[in-house]
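All chains are identified by letter, namely A, B, C, D, E, F and G, in their written order; residue positions are counted from 1 within each chain.
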Amino acid sequence: MINLPIFPIVIPALAAIFLLFAPKQVRLQRGVALGALLVTFAVTVLLIFTVSQDGIMTVNLGNWPAPFGITLVSDMLSALLVATSTLLVFFIVWFATHYFSDAYESNYVYVAMLFLLVGVNGAFTTGDIFNLFVFFEVFLISSYVLIVLGGKGVQLRESIKYLLVNVIASALFVMAVALLYGTVGTLSLADLAQKIPLVENQSVITVIGVFFVIVFGLKGALVPLHYWLPGSYVVAPTPILAMFGALLTKVGVYSILRTYTLLFDGGSAFMQNFLIILAVLTIVIGMIGAIAYNDVKLIIIYNIMIAVGVILYGIALNTQTSLEGALYYLIHDMLIKAALFMLVGMMIGITKSGQLRDMGGLITRFPLFGWTFFIAALSLAGIPPLSGFFGKLLIVQGGVGEGSLFGPLLILLSSLFVLFSVIKIFLYGFWGEEKRVYDGPLVPYMNRLIVPTFLLVAVAVAYGFGAEAMHPFITQAIEPLVQPEIYIDAVIKE
Amino acid sequence: MEIFVSIIIGVLTMSAVYMILSKSLLRIIIGTGLLSHAAHLLVLTMGGLKTGAAPVLVDGVTEYTDPLPQALVLTAIVISFGVTAFFLVLAYRAYQELNTDNIEEMKGTESND
Amino acid sequence: MAYQLLINFFLAFIWMFFTGTFTTSGFIIGYLLGLLVIFMMRRFFKNTDFYFIRVLKLLKLFLIFCRELVVANIEVLRLVLSPKLKIQPGIFRYHTELDAGWKVSWLSMLITLTPGTLVVQVSDDNKTLYIHALHMPDKESLKQDIYDNFESNIKEATS
Amino acid sequence: MSVLHLAILLPLLAAPFIPFLFRALKRIHTGWFVLIVPVVLFVYFFRFIGITSAGDVVTETVEWMPSLGINFTAYVDGLGLLFALLITGIGALVVLYSIYYLNKDKESLGHFYVYLLLFMGAMLGVVLSDNMVVMYMFWELTSISSFLLIGYWYEKERSRYGARKSMLITVFGGLSMLGGIVILESIVGSFSIRDMVANQALIADSPFFVAAMILILLGAFTKSAQFPFHIWLPDAMEAPTPVSAYLHSATMVKAGLYLVARMSPVFQESSLWLWIIASVGTFTLFWGSFNAVKQTDLKGILAFSTVSQLGLIMSLLGLGAAALHYDGMDDNIYMVATIAAIFHLINHATFKGSLFMMVGIVDHETGTRDIRKLGGLMTVMPITFTIAVIGSLSMAGLPPFNGFLSKEMFLKATTKVFSMDFFALDTIGILIPVVAFIASVFTFIYSLIIFTRTFMGKAQFDRLPKQPHEAPIGMLIPPAILAILVVVLGFVPNVLSNSLIKPAVESIYPSLVASGQDVKVDIYFWHGITPELLMTIGIVLLGTLMFFTINKWMGIYNHIPHRLTLNGMYDGTLVWSNKAAYRFKDNYMTGFIRSYLVYIFLFLSGMMLFSMYRFDLFNFSFGEMEPVAPYEYVLGAVVILAALAITFMRSRLPSIILLGVVGYSVALFFVFFNAPDLALTQLVIETVSVALFLLVFYHMPEISKKEVRVKFKIENAIVSIFVGVTVTLLSFMALSNRSLSSISEYYKENVYDLAAGKNMVNVVLVDFRGFDTLFEIVVLAIAAIGIYTMIKFRTTERTKGAREHEPKK
Amino acid sequence: MTATMIYDILTGVFTIIGVFFTVVAAIGLIRLPDIYSRAHAASKSATLGVMFVLFAALLHVWVDQRIFDARLLLGLFFVLLTAPVGGHLIARAAHAQGVKLWDKSLQDALQEDKDKGIE
Amino acid sequence: MNRKNDQVNDVILQTAAVIIFFIIIVFSINLFFAGHYSPGGGFIGGLMTAAALVLLLLAFDSKTLADVLPFDYRKMTALGLAIALLTSLHSIFWDRPFLTHAYDKFDLPLLGEQTLHTAIAFDLGVYLVVIGVTMTIIQTIGESE
Amino acid sequence: MLNIIIYVALAILVLAMLGMLYRVVKGPTTADRVIALDSIGIGLISVVSLLSILLDTTMFFEVILLLGILAFIGTVAFSKFLEKGEIIQHDRNNDL
């Protein structure tokens, strides 16, 4: 099936379009969304195995030879990320079906979630820099819709900031593409990679690369481009927040990974140093933020930044080991962040407050909930053999291997801050004396919410224990990053 | 021509940024509109301006302007229209809920305690 | 009139169908032939005149309009370009005898298109037009011009 | 997977069944089931003594993550086995003790024993893993299980406080250790400890040698509660007493000692190693004993005592490193330090274990551990008293108990410092025996305090929460066993010499063993009148004197303000970091989007200009370009003027109109640029946009006429000029560097033949790049849907179904 | 003098007339005293101007490329149709908003009737 | 006539609007079909159709328009998306890459030789989406007041 | 020759439109601005027509018609906005 890479984009899109016809039929909405996501996930698994056997899959859309049309490129990196995203959205939608009231469900929430996945999967799959912009816009506009859904005052207020920053970033993206096209005259990533060495003055490419990093850094919330993140994320309803936290910043990071290794890695150490500085700043600011707050959502939100910084550090080192680590960690963080947001969302659901001082003793009434959180928290902190560990280990190894100590030690230190911040939630939210009586219909309700959450954490745990089984896939995913010729040859067949 | 347009792009960007930094939401949205104009012009400029006839095949014409940047700009225009429309309505709703269009009065509260 | 027009078009298509010439010229020939047929059969359409007569009247109206447009534009030119503005503007009422909204609309458009006058408002009963004139020291003669040039011709063309 | 692996993992595998057993069999105390595990394991490991005492090792490997170099290699040598036996042996006694200590009807034993088994398995993993990543994994698991055990009574604030503190400090150490492990791996290319030992020379030459050492030591020091990381240990006493006896005196805190011993072969040739460990250990010894004296809680005394004793052992491990620098082969006088370390490690487990259990009994039977309320219990609790006396005196270093023997060896080892003519130990190193002496005096004092204040003196039972009586026999058996060991080891210490101590010491000196040397372990009471004996006599005399004059000098403890104590600093740091972090955020995360944007724009421009400057890209060369027609200049001027004018507009309609002017002018530029489709689209879009602006802003207020500060305007102007200039310069840069031709020739050549169209832009849009268009309309559709929901769906207006979520039937 | 030249001259003349009227409209817009008077300039001088220019273009394309372009004719018709409607609507809107006539105006019958409540 | 006071006689606008409506519609259809060969296409065609509808909205009111043209514009959007996506999808059943268009020249009665191109169907999707989106936005905002 | 005429005409046209722009900026009433904008729209039609002559192309004839349509709709919308405050009415016989 030569069209396999298109399905993770098309199936959710078809489902979303179908659901546009029947917004008020809540059961249909849930069923179709979940069904489509399951099917999509099955396809992504098939895709992973196909790619692992046959190598990189490409689809020249419209049957136009690359680089004249748009080419979709499913290499292992793309396939893994697409599969992870799809699985995540499946769990989040499942969670959402129990979380949202009917009013939300009949106002296109699943449509927007599906389209968001379309955008994310498209961004992971496309092999064209302008098409990447288009997919960015697809998931951004979906995120705009989701973030304002419900239209509370604070939500609208923070959404404005979120929108504004992203609108600016989008304009800058277009400018960056323009500069690149002006210099190299093509849009296909593979073709760009092929032609960039022919550009007379390589430093021009570096400068354009810096521009791109800033554009993607705005999405990925790299310091000092991160200001929009905490405020706007904190107002979003939990399932939405889970999607944002798990997927959106990661797309920015992925874009840096892809373009840096493929296009902007030549010439000078300037770019690498730039990325390392950004990574370090991001980790530090994330650490500060994570310990500064007593609001459960904000704590996890700042943890996003730490993770992004760690991954970016791995990317910046650009060695086999560090890239493997970055990818391990990227997938881990997507899984576990979504789970954590779902978990803190449930805490807020029970206690009606996001502040730790209003919480306490949850584990007494909801032991499974408590332990699920505990495992997720340890996983986030990178306690072995949970999922966060191996990626971080490889990144640290990569850093030490490059003769650096500061970065690796900072990353290790960040783990402590992560642990500190999430254990705080455990200590004051789950331990301690019960602050309220959590009786009534909440109990069966929470019991339903815990199922997808628990399963997602289980997936993350399995990912950690199965790190060895993942390794061949990770290695294959890293290959085209370390040796861009593999990517180029797969797309541009002479 | 390209130099002249580059300067125009710079001025547009400048005004855009100035507007975006002001307090009124309306001015801010106008600023984003200006910014996308700048971006679109930049795409066209990068493709090379006026190097031939309009990119519609006509017998006997061999030199055409680069169609690709035009197609890209078209896509970008449409997208930024969608986003601007959304932004406008968001501003309107925010005004309804918050009773202000002054961005300074929309200071965030990342609460602690 | 509409009925006749429909038949005329129908005849034109029939003609095209028979001759197999689906072109503009084929249509025009067919139309003219149809017109001839209808003209000959005009007594068959009782109570209504041969519709082409009305078309001719409309043509006359159009020509008058064109003349007015040019003449009045020159008049405005004089007013606008004169070193010192010597205009005496104002809004006056114009009572029309036209009986249908669309006729009043056409009249208003003609009035507005010709320089010097501009319909500001139509009263609710479609009987009074409030017209702004650029120079109206003699508004009665303005009214008379409007009636003579436009209203009467519209009446004639649409009666 | 070998039996050895199964043995190590047995506690972990057993743990999940505990809650079910607890729930299913309410009548039987769950501890009885749990007890099977350590007993079986103790017996299992006991059989290894034969192997290790013969100088052999057992290695079993299970491939776990071979591609990452992480395999579960179980490795039993003398050192590991010693610890394994301690873990399982003391573990068995502690479980037995807990059966009587914890009420099966009141306590959630289902949780308790899970944590305990997790810990036991983790500990076994630490001491029996050859792969350092696997060891690290178990290491962190000990921290976590310790966290859970300390927080066992999680409703209590103190429990949570202690749990968090221990976790933060030990995980910090663990992470440091991981850093060290990664560095070592980067040098050696393997995570295996044996490979590291084998490549010791390679490591010693690495520039990262010191870093790796310090990082590893941080791990050891935090876990073993060395100054200044010891502060978590006293707060860990919030755990149930069996836990304190097991984790926080006998086993977990010794993991750090294990690590130092284990890594000694890698590092001990360095002077720094000796210095750091010896001085940190010695100071900890002093600091722990000094602080123990002022405690009023029995467990508090024991906690500081443990800190002190751990320091003692640590310093011995440090001093033992000197053995490698001594040339005399057979009678290596510095090796006595290491032998003493291992011996005291065992002894400490016995007497401290028994003391903790004793305190647990006192607490259990009287309801308090406060020595100010206790006293005179000797008469009602004679057995407990006996145990207390044996334990305390052994700890004080008095004969005939095992503590005396190892203490003597310690003092001997410290005096050997005088003869060390390397690493400058013969000069400043003299402080070591001095401090050791002082510390021993305090040790003597608190040891006396423990049993005198509890069991002797005036009885005041009416002040106790419970009427005291002797504990049930089951509770007495475990401490009694340990007390008997204290006595037995005091008399026949050499039962351990060749079976346990020698193999363990040999693990620490593989290089000496390899060079054919023999470790001689021969422990005996009487050495004659030695300096160490004189020191012991001095300690007893001075200690007794001070014990009886204690009220005269207790005042010195009050002179240290709380803020300056380490605990005070820890608490202060937590509070301060939270506040400071928050204040830091507050300062730059103002919540004003404008300031955020200013930062972002400045960063963008600054970075772009800097990188252009860095690469010297400011000299532009444009080549030949199309000239500008006059009307184009005019239109350009219109755009520029309109764009500038907008910034001065103070009311909404002119602003919108001017935006329209810009938009229309851009459309006209598209006409000039031969882009008809673009012109068409831009015209319509611009019109619709302007219409939307009007629609929406009719309901919004006029732009505030309020005078805006000039400073604000100037700031904005500077930022915007900066960005505008940047964009123009970037454009110039790209224009100057257009060396490659565009791919567009392809469209011109193929649009008609292959795509059956003539309008290239349209064909590109629906065919060549139809994918863009497909998702562009998706964007539009979503925007429309979003606008629809934004207006139609407002949670704030309606109450029904408005909450994000609500319970469902 | 060839036919082409004649056509070119005609095109030029139409262009000049058209531009002339547009200029008149601009002057009118600037000079005339109130919105109602300016509406005159806009809704007819400008219209007449564009009609001439369109006619010039029509002629040019017809001659040059042998295409009688219906789109231009349609455009011509469209402008003719919409200009008066637009002028009328704006004037009416201004009046509804209460924009006063120039103070030298002779009469405002509409305002009189509005005051009387007739309209 | 039973009107509120502020409703003034819009007879001129309404008379003109109906005529202009038809002109714009014809123009938009022309733009739509011409797209592949001359400037235009589904996007701009759709916008023009929407413009025609907006003119009716302006001249009359949304209720009148809804009575005359009872479309659910959100569903029209969905329909357009479905058409565009399914048109793109058809090629995969022939095992050609997604979005591969097919075309051929046909000799049709009355219309003569015409090129039928699946790109037209794709463009029809675009056309419908643009109408749907524009009208959804305008109607929603219009009704919110 | 014709080209020169067109060039000059274009320049004059642009100047005339600048004059109209003056009215847009100056006002004083919104209606003034609207009517000036309408005129600019009409002027744009002339500009595009002349450009078509100059560039010898028919590519922009759609633009001409489009401009006419947009200018008209824009004017209608503006004047409705001014007069009624709302551009689209729900049911003009019953609402408010």
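As a convention for this text, a residue touches a chain if its C-beta (ideal position, glycine included) is under 8 Å from a C-beta of that chain, and two chains touch if they have at least 3 such contacts.
Per UniProt, the chains are A = Na+/H+ antiporter subunit D; B = Cation:proton antiporter; C = Na+/H+ antiporter subunit E; D = Na+/H+ antiporter subunit A; E = Monovalent cation/H(+) antiporter subunit G; F = Na(+)/H(+) antiporter subunit B; G = Na(+)/H(+) antiporter subunit F1.
The model shown is predicted, which means the values in this text are computed figures rather than measured ones.
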Open item on the list: Show me the overlap between the contact partners of chain D (Na+/H+ antiporter subunit A) and those of chain E.
Closed with: F, G
Task: Other chains in touch with both chain E and chain G - done: F
- [ ] Name the chain whose C-alpha centroid is farthest from the C-alpha centroid of chain D (Na+/H+ antiporter subunit A).
- [x] C
Open item on the list: Based only on mean CA positions, could you tell me how far chain D (Na+/H+ antiporter subunit A) sits from chain G in angstrom?
Closed with: 70
TODO: Could you please state the distance in Å, as a whole number, between where the Cα atoms of chain A (Na+/H+ antiporter subunit D) are centred and where those of chain C (Na+/H+ antiporter subunit E) are centred?
DONE: 67
Open item on the list: Just the number, please: Cα centre separation of chain B (Cation:proton antiporter) and chain D (Na+/H+ antiporter subunit A) in whole Å.
Closed with: 49
Open item on the list: Suppose each chain is reduced to the average of its Cα coordinates; what separation in Å results between chain A (Na+/H+ antiporter subunit D) and chain F?
Closed with: 38
TODO: Any chance you could list the residues of chain B (Cation:proton antiporter) touching two or more other chains?
DONE: 20, 25, 38, 40, 42, 45-47, 53-54, 56, 68, 72, 74-75, 78-79, 82-86, 89-93, 97, 103, 106, 108-110, 112
- [ ] Quick one: which residues in chain G touch 2 or more of the other chains?
- [x] 15, 30, 59-60, 62-63, 65-66, 69-70, 72-73, 76-78, 80, 83, 86-87
Task: Residues of chain A (Na+/H+ antiporter subunit D) engaged with two or more neighbouring chains - done: 13, 20, 61-62, 130, 134, 137, 141, 144-145, 148, 151-153, 160-161, 164, 168, 172, 175, 178-179, 181-182, 187, 230-231, 292-294
Task: Set of all touching chain pairs, with the criterion as stated earlier - done: A-B, A-D, A-F, B-D, B-F, B-G, C-E, C-F, D-F, D-G, E-F, E-G, F-G
Open item on the list: Help me check something: in the complex, which residues belonging to chain G touch chain D (Na+/H+ antiporter subunit A)?
Closed with: 7, 10-11, 14-15, 18, 21, 24-25, 27, 30, 33, 37, 40-41, 44, 47-48, 51, 55, 59-60, 62-63, 66-67, 70, 73-74, 77-78, 81, 85-87
Task: chain F-facing residues of chain G, complex - done: 59-60, 62-63, 65-66, 69-70, 72-73, 76-77, 80, 83-84, 86-93, 95-96
Task: chain A (Na+/H+ antiporter subunit D) contact footprint on chain F (complex, rising order) - done: 74-75, 77-78, 81-82, 85, 89, 91-92, 95-101
Open item on the list: Quick check: in the complex, which residue numbers of chain D (Na+/H+ antiporter subunit A) touch chain A (Na+/H+ antiporter subunit D)?
Closed with: 64-68, 133, 136-137, 140-141, 144, 147, 151, 154-155, 157, 160, 163-164, 167-168, 171-172, 175-176, 178-179, 182-183, 185-186, 208, 211, 215, 577-578, 581-582, 584-585, 589, 591, 593, 596-597, 599-600, 603-604, 607-608, 611-612, 614-617, 727, 730-731, 733-735, 737-743, 746-747, 767-772, 775-776, 778-779, 781-783, 785-786, 788-790, 792-796, 798, 800-809
- [ ] Can you check the complex and tell me which residues of chain F touch chain B (Cation:proton antiporter)?
- [x] 37-39, 43, 133, 137, 140-141
